[in-house]
Amino acid sequence: MELLVDIALLSMLVATAVSLILVRGLVASIMLTSIYGLLSASFFVTMDAVDVAFTEAAVGAGVSPLLLLMTVALVGRVEQQPRKRHIAFPLLLVTVTGVLLIVGTLDMPPFGSADAPALQHVAPRYLQQSGEEIGIPNVVTSVLASYRAYDTLGEVLVIFTAGIAVILVLMLPGRRGSVPDDAGRQRPRNVVVNVVSKILIPFMLLFALYVQFHGEYGPGGGFQAGVIFASGIILYGLLYGLPSVCRVIPPPVVEALAALGVLLYALTGVLALLDGRPFLDYSVLATDPVTAQYLGITAIELGVGVTVASVIITIFYAFAAHLSEAQR
Amino acid sequence: MRYTIAMACVLSLFWLLNSGHYNAAMLGMGACSVLLVTWIVHRMQALDHESTPAHLVLRLPRYLGWLALQVLASNLDIVRRVWRRETDIDPVVARLPLPQSSDLGRVIYANSINLTPGTLTIDMGEDYLLVHALSGDLCDALATDEMSARVSELER
Amino acid sequence: MAGGNLLLASLAVAPVAIAGILCLRNRPNAREAVSIGASLLLLGISVAVYRALQAGDSPQWHSGELLPGLRIALSVEPLGALFALVASFLWLVTVVYAVGYMRGHNEQHQARFYAFFALSIGCVMGVAFAANLFTLFLFYELLSLSTWPLVVHAGTDEARHGGRVYLGILLTTSILFFLPAIILTWWTSGTLAFTPGGVFPPDVSPLLLSVLLLLFVFGVGKAAIMPFHRWLPAAMVAPTPVSALLHAVAVVKAGVFSVVKIGVYIFGLDQLAAVDSRDWLLYLAGFTLLAASIVALRQDNLKARLAYSTVSQLAYITLGVLLAVPDGVVGSGMHIAMHAFGKITLFFCAGAILVATHKTRVSQLGGLGRQMPFTMGAFLVASLCIVGLPPTGGTWSKWYLMLGTLDAGAWPLAFALILSSLLSIVYLTMIPVRAFSTFEGDAAAVEEGGIREAPLACCLAIGVTGAGCIALFFFPQPLYELVAGVPLWGRR
Amino acid sequence: MDIASYFNYWIVIVLMMLGFYIVIARGNLVKKLIGLNIFQTSVFILYISAGKVSDGAAPILTEGVSVYSNPLPHVLILTAIVVGIATTAVGLALVARIHEAYGTVEESQILEQDNAC
Amino acid sequence: MVLHWLSEACLLAGSFLLLTGALGFLRFPDIYARIHACGVTETLATSLILVALLLKSEAALPQVKLLFILLFLMFSGPTASHALAKAAWQGGVRPRATRDAGERPASPAGR
Amino acid sequence: MLTLTVVVILAVMLAGLARAFFARNVYDRVLAANLFGTKTVLLIAAISYLFGSPDFLDIAVVYALINYISVIGVLRVTEMRVIAQQEDKG
Amino acid sequence: MLSHLPILPVLLPLLGAPICALLRKPVAAWLFACTVALLTFAAAIALLAQTWQQGVLSYALGGWAAPWGIEYRIDLLNGLVLTLVSGMASAVLLGGRASIWRETPEEKRSLFLVAFLLCLAGLQGIAATGDAFNLFVFLEISSLSTYALVATGRDRRALVAAYNYLIMGTIGATFILIGIGFIYMLTGTLNMMDLAQRLPALTESRTAFAGFVFIIVGVCLKLALFPLHLWLPGAYTHASSMVTVFLAATATKVALYVLIRFSFSVFRLEFSTLALPLETVFLTLGIVAVFAGSLVAIYQPDLKRGLAYSSVAQIGYMVIGVGVGTVIGLQAALVHLFNHALMKGALFMALAAVVYRVGDGKFSSLRGIGREMPLTCACMLLGGLSLIGVPGTAGFISKWYLVVAVADREQWVLVALILAGSLLTAVYIWRLVETVYLGVPGPRQVPDSPAGRAEAPPGLLAVSVVLALANVYFGFDTRLPVEAASGAAESLFAAGQP
C-alpha cells in the first residue's frame, strides 16, 4: 500500500512538472507549483518525514505561491512565446546532469533498506540516545535544535538574510516615505470572506503558537510556527489592506523582531561561552542536563519562530507596498 | 471587554483541547500564547460580535441540524445530476433579496447557500445576493425563503 | 658590512633624489640641484665601491629569503663595478646636459622626467650590483618599467606607440624567455647566485643547457639581438637625454651586461663553450651586427641611425661573450664602457643639433660644421670611438674582440666584425665629414650666420664625454685591469 | 539489481531534470524561479527518500516502536527548505525591481535593452 | 463493532461522493458549475470521511483534532468557493446560464 | 476500506491535476489547486490512520489552514489587479 | 576566551549583523560594523597564530562530539582564509564609507552594512566549518547577502546581474547539496574528517563518484571557473564599488578554499584523481580561463568589467595550481589566493576612489586622471603591476611558485602558456596605465568634483595605499602567505596519504 501511494504521488509529481514545462501562463504555473508543493508534502508524509511535510506544506503550498502571485500581479502574468530559443544546449546540459544523477544512484543503498550506511553510523545514536540525552520524543527536533543546533542557527541567519535582502531590494513601507495610505480608495468589501477570516485568524495564530511549543513532542517547531503565524497576519493584510496590518504590527517593529529572534538564538548559545563551554552548549542553563536541553531548545525554537514570522511578514510588507505603489 | 474575555476563553479551550500536555511549563506557555493572540486580535480591531459570536451559541445547533439535512438532500440531488449520461444541469443566475441586517447574519446566510451544493453566492450587495444555481428548481427552492427566514431568526 | 651599506646606499640614492625632486617640483633650480647632487653622490659611492674592490674587499648585502633559497643580494665584482662607474659618471654628465636640453626645449613635466631618470639609474645600480640572477631580474624589470614614462614623455600618439613597442618587446622577452630561463636554472641547479665558473652541475643535459642559453640570450631583450631589436629604434621618440643615457648606457648596457654576467657567472666560460646552441647564437649575433649596420646605413633620421648603430654595437658585446674565451670577455667588458662614451656623445650631439637648429635628419646636416664646429667635432671623435679607430678608446675594445674571435677560431666572425666596422665608418663618420666639407647644395644653410652652438650645459657635457673617448685611448689600463679580472674573478 | 528499489530515485531524477530544464531553458524570470523551486524540491525528495526505512516509523520516539526512519535527512532538508524559500523571496524581489526598471521580465528583451544602450 | 461498520460505511459513502465530485469537476461545462461539483466533495464527503476516521480512533486527542479539521473545512470551504466565484465574476467570466437572472428583477450586476 | 478511500482520493487528485493542466482560465486552476488542497488534507488524515500513526493530524490541520489562506490569497491578488484576460483566451 | 577562538571569527559578525540591524542611524551602524569587522580580524589573526603554534584546532559546537555534532576544525588553511577575508572586510568597511555613502541612498545604508556583515559571517562560516552540510548553510548565507549587495548597485543592470547570479549561484549550491546527499548516503556522516576516513573504502562506488562530480561542479560555479563564470562579470561590474572590492577579494577565494577542501581533504587526492581526470580538467579549464578571461578583458570599454574578466583569468591560475596536484602546486594556488586578494583589493579599491570622483569606471572617463589623483592612480598602478607579476610585487611570487610547480611536472607548454597569460595581463593593465597617465581628460559629468588635483576621500585613499603597499610588502616579505600555504599544502597532502 505504501508503495502504491508512493508511486501514485511520484507519478503525479512528474505529471505536474511536465505540465509546468508545457504551460505558458504564469498564474497557471504558480497553481501547478502550489500543487507540486502539496504533492511533495504528501510524499514526505508517506516517507515518515512529518516535520518536513509540515514545513513544505506551509512553504511550498502556502508562502511561496503567494509571493510568486504577488510578483506576477506586479509583472504581468503572461510568459512570452520564445521567438527563437535554442533548446539544444539546455537539453544537453539537462541530459548530462540526468545521466550523472543516474550514475550516482547506481551504487546507492536500495530504497528503504534498513542497513544502509546512512543508518549505521551517525543516525543510530540520535535514535537510541537522544531520548536520554535530550529527553524529548521528537528526534528531528533533538537533532535540529541540539546536536546540529548550529546548522539551525545558520538557517535562521539565512532567513534573516533573506529579509534584509528583500528590504534592501524593495524597501519597506515606512522606510521609503510613509506607509501607503489607500484609505481614500474604495476597496470592494468582501463581507463573507472578511467575516469568516476574522473568526479564523485567531485560531490560526494560536495554532501557530501551539505548533511552536509542541515541536518537542510532535511534528512542528519554530520554523513551521513562524510560517503559519505569518500566514495568519498576511491573510489579515490581504483582506484589510496594508495600512491596517501595518497599524497592527508596524514594519519597524517586525524588522527589529527579526533581528531580536536571531539574537535570542545566538545569545542562548553565547551563554555557554561565558561559562567556558562550547558555543550552544545548553548545559549552562540548568543543573539537570535534560532540563537544560529542554530550556535551550525552547529558547532557540522561540528565536527561530520569531525571526521566521517577522521575516515573512516583512517580505510580505515589502511586496505589498511595492504592489500598491505600482497600482497607483 | 466582553468580547476579549470570550475570545480568550475560546482560545484557551482550543489550546487545552489540542495540547495534550498539561504540565506547568506547557500551560504557562499556553497562557502566554493565548494572551499574545488576544492582544494581537485586539490590535486588529477584530474583537466584536462577528469574531466571537457567543450570542448565537444557543440557537445555532438547531439551525445547523436543519442545514445538515438540507445539505444531505441537495447532495443527493447533485450526485444524481452528475452521474446522468447527459449532465443534467441548467444553470441560472439569480438575485435573491437579503433581508438580514447584520453582516454576520448575511454571512451565515451566504455560506449556508454555499454549503448546500447546487447553489453558490457569487456576490453580495447591500440588499441582494447574486446566486448561481445549477438548475432553476434549486434556485426556486432557495427563493422560498425558508433558509433566509431561519437565518434571520437566528440573528435575532 | 660597511661595504654592504655602501651598496644599499647606492640603491637608496635614487629614492631620496626622487623624493627631493617631487617635493621641489615647482622650483626648477632647486630640483635640478638635487638631481646633480644626487648624481655626484652616486658617483662618489661608485668610486668608493671601486676602491673597496681594489683593496681586495668584496662588499655584500642580502635580504631575507623571498622564495626558498632566493634572496635579494648585492655584491661587487669587477664587471659590476665597471658598469656602476660608467653609469653613475655618465648620469652626472647627462643630468648636466639635460638641464640645458630640457630648458632649451621647453619640455613639459620636467619634475616627472627627473624623477624617473633618477629611478632608472637606481635600477641600473641594482642591476650592476646584483649578486644573483633573481636580483638582477628584479632590477632589470623595474628598469624597463621605470624608463617607459621617459620614453612616452611627449605623450603624443607617436610616443605612445613607441612606448608600446618598447615595453611590449622588453616585457614579452623577459616574461616569456628570461623568467622561465631563471626558473629553469633555479630548478636544475638549486641556486641563482652568480658563481665564478658557472652554477650548473656537470651532468646537466646538454639539450637543457642549449635551451637555457637560447632563452637567456633572447630573454634579455635589452641586449637587442635580432629579431628582438625593434624596441630600440621605437624608443627613440624619447627626449634626447633619455635616448642618450638610457639607450646608450643604462638600458642597453644593462642588457648586454646581463648577458655577460650570465655567460661568465651562470654558465661559466668552459661550459658555455660546450653548449650546442652557442654556435647558432654566435652567427645570429654576427648577422645582427652586419644587418643592423646595413639598416643604419639607410636611415635618414639621425636618432634612428644611431639606434641601429647601437643594435649593431650591442651585438659585438654579445658576440664577445659567446665566444667564451677570456679575450672575448675582456673585449665585451671594455666595449661596454667605450661604446657608452662614444654613443652618449653622439646622442648628445644629436640633441644639441636638435636644440640649436631643430634638425633631425641626416640629410639636413650638410655644412653644419660651420655653424656648430664644437658639436660636430665631438661627433667625429665619438664616431671614431664607435668604429674603433685611434685615438679613441674604441680601438682597444675592438682589438680585444678581434683577438677573441681569432682565439676562438671563428674566422667568418672576424670578417663580419671588420666589415661591420667599415660600414660604420660610412654611416657614422661620414656625417661630420660631410658637415665640415662644403658641398654645393649645402651652401645655403651655411649662409645664415656664424656659430650657433647649443646651450652651455649641453656643450659642457659633450666636451666631457668626447674627452672621455680620447682619454680612454691613452689611459685604458685601469679599465683593462678591471675587465681582465672578470674571467678570473673568484678563482683567486 | 532490483529495479523497483531504485524506482523512487529515478523518478526523483526525472523531476530534477525537468526543474533544471525550466531554469535554464526558459526566458521568463519568474518562470525560472519556479523551475528553481521545482529543482530544489526534487532534491529534497531525494534526500527524504534516502532517509526512509521500510516499515519504519516517523522519528518521534514512541513506546513499542523500534524501527524509525533516519531523522538526519529530515533535519537537513528542513534547513534546505528554508534556504529555498529565502532564495525564492530574494529572487522575486529582484524580479519585481527588474520589472520596474525595464518594464519586462523576459530575458531576451532585457538583453536587448541593455545592448541598446 | 458497530462503530467499525459505521465508519466503513461512512468511508464508502465518502469515497463515492468524492468520485462524484471529481467527475462533476471534470464534466461540468463552466467554472461556476465546477465549483458546485467541488462543493459536493467539500462538504459532505469530507465530513463523512473525517467522521469515519473519528470513529476509528480511540484516543481523545486525534478526535479533537479531526473535529477541528472538520470545523475549519466547514468554515473555509464554502468561503473559498464563494470567493472564487466572486473573483471569477469580477474577472468577467460569465456562466453559461440558460435562464439569466430572469426570475428576479434587474440585470446581472457586474461592477 | 481505508485503502479504497486513499485510492479514490488519489484518483480525485489526478483529476484535479488534469483539470489544472487543461483549464481554460485562471479560476479553473485556482479551483483545481483548492480541490487539491482539501484532498491533501483528507489524504494525510487517511494515510495517518492507514499507517497507524495518528500523530500526523497536526499536519492535516495545518493543511486545512494553509489551503484556505492561499486560496484567499490567490483570489485577493488576482483581484488586486484584475489582471488582463489574455492568458485565458490565448 | 582563548579556547573559544575557533568560533569567534564567525560568531562576531554573526552576532553583529542582527545588532547592526537594530541600529537605525547609518553612522552608528557603520561604526559598529567597523568594530565588529576589526574584532573579527583580530580574532582571526589570533586564531592563525594559534594554529601556527598548535596545529589543528577542533571545536565541538554545542558540546557534541564530532560526527554527531558540528565541528569547527581550524588548520593553517582555514586560518589563512579567515584572516584574509576578515582583513579585507575590515579594510573595505573602514575605508569605504565615503563610497558606500555616495552610492547607496540614505535609507539603505544601515541595511547595506547589515548585509555586509552577514556576507562576512557567511564567508567566515564556510572557511571555518568542518561539517559538509554546515558549509552549505553558510554558503547560502553569504550568497543571499551577496545577491542583495550586488543589487544595490546604482545601475539597473545591477538588478539583472544579481538575478543571474542568484540563479547560477543557487544551481551551484543545489549541486553541492546533491553531492553532499550522495556521499552522506554512502557514509552516513557529514563531518569532513569522518568522511575522509570513510570515503577511501568507496573508491569503486559510482555514487561517490557522482557526489564528487556534483560537488566539484557546484563549487566551480561559485568559483566562476570558466565556462561557469558567466555570472561574475555582470555582478562585479554593476555592484557598487565597495561590494566589488569585497567580492573580488574574498568570495571566489573562499570558493577556491572549498574546492581545495573537498578535493584534497574530504575526498583524498587518490580518490579525486581516480574519479576524474582532475589534473587534465583543471589544467585545461584553468589555462582556457586564463586566456579567455584575459582576452575578453583587453577589449572591455569599462575598467570594472575588464578587471572582472581579469578575475576570471586569475581564478584560472589558481585552478591550475590545484590541478597540478603536487604540494608545491597547491602551495602556488594558495599563495596566489592570498596575493590575488591583495591585488584585486588594491585595484578595485583605487578604482572605487576614482569612481567616487568621476562617476563611473569607463576608460573614457579615466583619461588623464593620473594627474588629478596621483596617489590613487599610483595605487592602481601598483596593483596592476602586481597583477602582471612584475618582480618585487606579490604577484611575482605567486607566478613564480606556479611556474615552478608546473615546471616540476615538466609540462613546458603549460609554463609557456602561463607566462603568455601574464603578457595578456600586461596588455590590459598597460591600456589602463596609458589611459590614466597619457589620456587627455574629457568633460566630467559628476558635478561636485573639483577641478585639478582632487584625491579621493581620505578613507578610500588610505585603504588603497595600504593595499597597494601590501602588494609590495608581500613581494619581499613572503613569509606569511608562503609559509602558511606550504604548511597547509603539506598537511593536506600528509592527510591524503593512507
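Note that the chains are named A, B, C, D, E, F and G in the order they appear, and that numbering of residues resets to 1 at the start of each chain.
We adopt the following convention: contacts are C-beta pairs under 8 Å (C-beta built on N, C-alpha and C of every residue); 3 or more make two chains touch, one makes a residue touch a chain.
Small disclaimer: the values here were computed from a predicted structure and weren't measured.
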item	value
Chain E and chain D - chains in contact with each	A, F
Least hop count linking chain B to chain G through chains in contact	2
Central chain (distance from its CA mean to the mean of all protein CA atoms)	G
C-G or B-E, whichever has more C-beta pairs in contact	B-E
Longest centre-to-centre distance from chain B, chain (CA-based)	C
Averaged-CA centre spacing for the pair chain E and chain A, given as whole angstrom	29
Centre distance in Å when chain C and chain D are each reduced to the mean of their C-alpha atoms	69
Centre-to-centre distance between chain F and chain E (centres being mean Cα positions), rounded to whole Å	12
For chain E, residues that touch 2 or more chains besides their own	21, 23, 35, 65, 68, 72, 75-77, 79, 82-83, 86, 90
Contacts with two or more other chains, residues of chain D listed in rising order	16, 20, 33, 50, 57-58, 60, 72-73, 76, 79, 83, 86-87, 90, 94-95, 97
Multi-chain contact sites of chain A, meaning residues that touch two or more partners	26, 50, 70, 72, 76, 101, 105-106, 108-109, 116, 118-119, 122-123, 126, 148, 151, 154-155, 158, 161-162, 165-166, 169, 188, 192-193, 196-197, 199-200, 203, 207, 214, 217-219
Contact pairs between chains, per stated definition	A-B, A-D, A-E, A-F, A-G, B-E, C-G, D-F, D-G, E-F
Residue ranges of chain D in contact with chain F within the complex	57-58, 60
For the chain D and chain A complex, residues of the former touching the latter	1-2, 5-22, 24-28, 30-31, 33-35, 37-38, 41, 44-45, 48-54, 56-62, 67-79, 81-90, 92-97, 99-100, 105-106, 108
Sites on chain F touched by chain E in the complex	1-2, 4-5, 8-9, 11-12, 15-16, 18-19, 25-28, 30-31, 34-35, 38-39, 41-42, 45-46, 49, 54, 57-58, 60-61, 64-65, 67-68, 71-72, 75, 78-79, 82, 85
Touching residues (chain side chain F, partner chain A) in the complex	3, 6-7, 10, 13-14, 16-17, 20-21, 23, 26, 29-30, 32-33, 36-37, 40, 43-44, 47-48, 50-51, 55-56, 58-59, 61-63, 65-70, 72-74, 76-81, 83-84, 86-88, 90
Contact footprint of chain D on chain A as seen in their complex	6-7, 10-11, 13-14, 17-18, 20-21, 26, 29-30, 33, 36-37, 40, 43-44, 47-52, 55-56, 59-60, 63-64, 67-68, 70-72, 74-76, 79-80, 82-83, 85, 87, 90-91, 93-95, 97-98, 101-102, 105-106, 108-114, 116, 118-119, 122-123, 126-127, 130-131, 137-140, 142-144, 148, 151-152, 154-155, 158-159, 161-162, 165-166, 169-170, 217-219, 223, 308, 315, 318-319, 322, 326
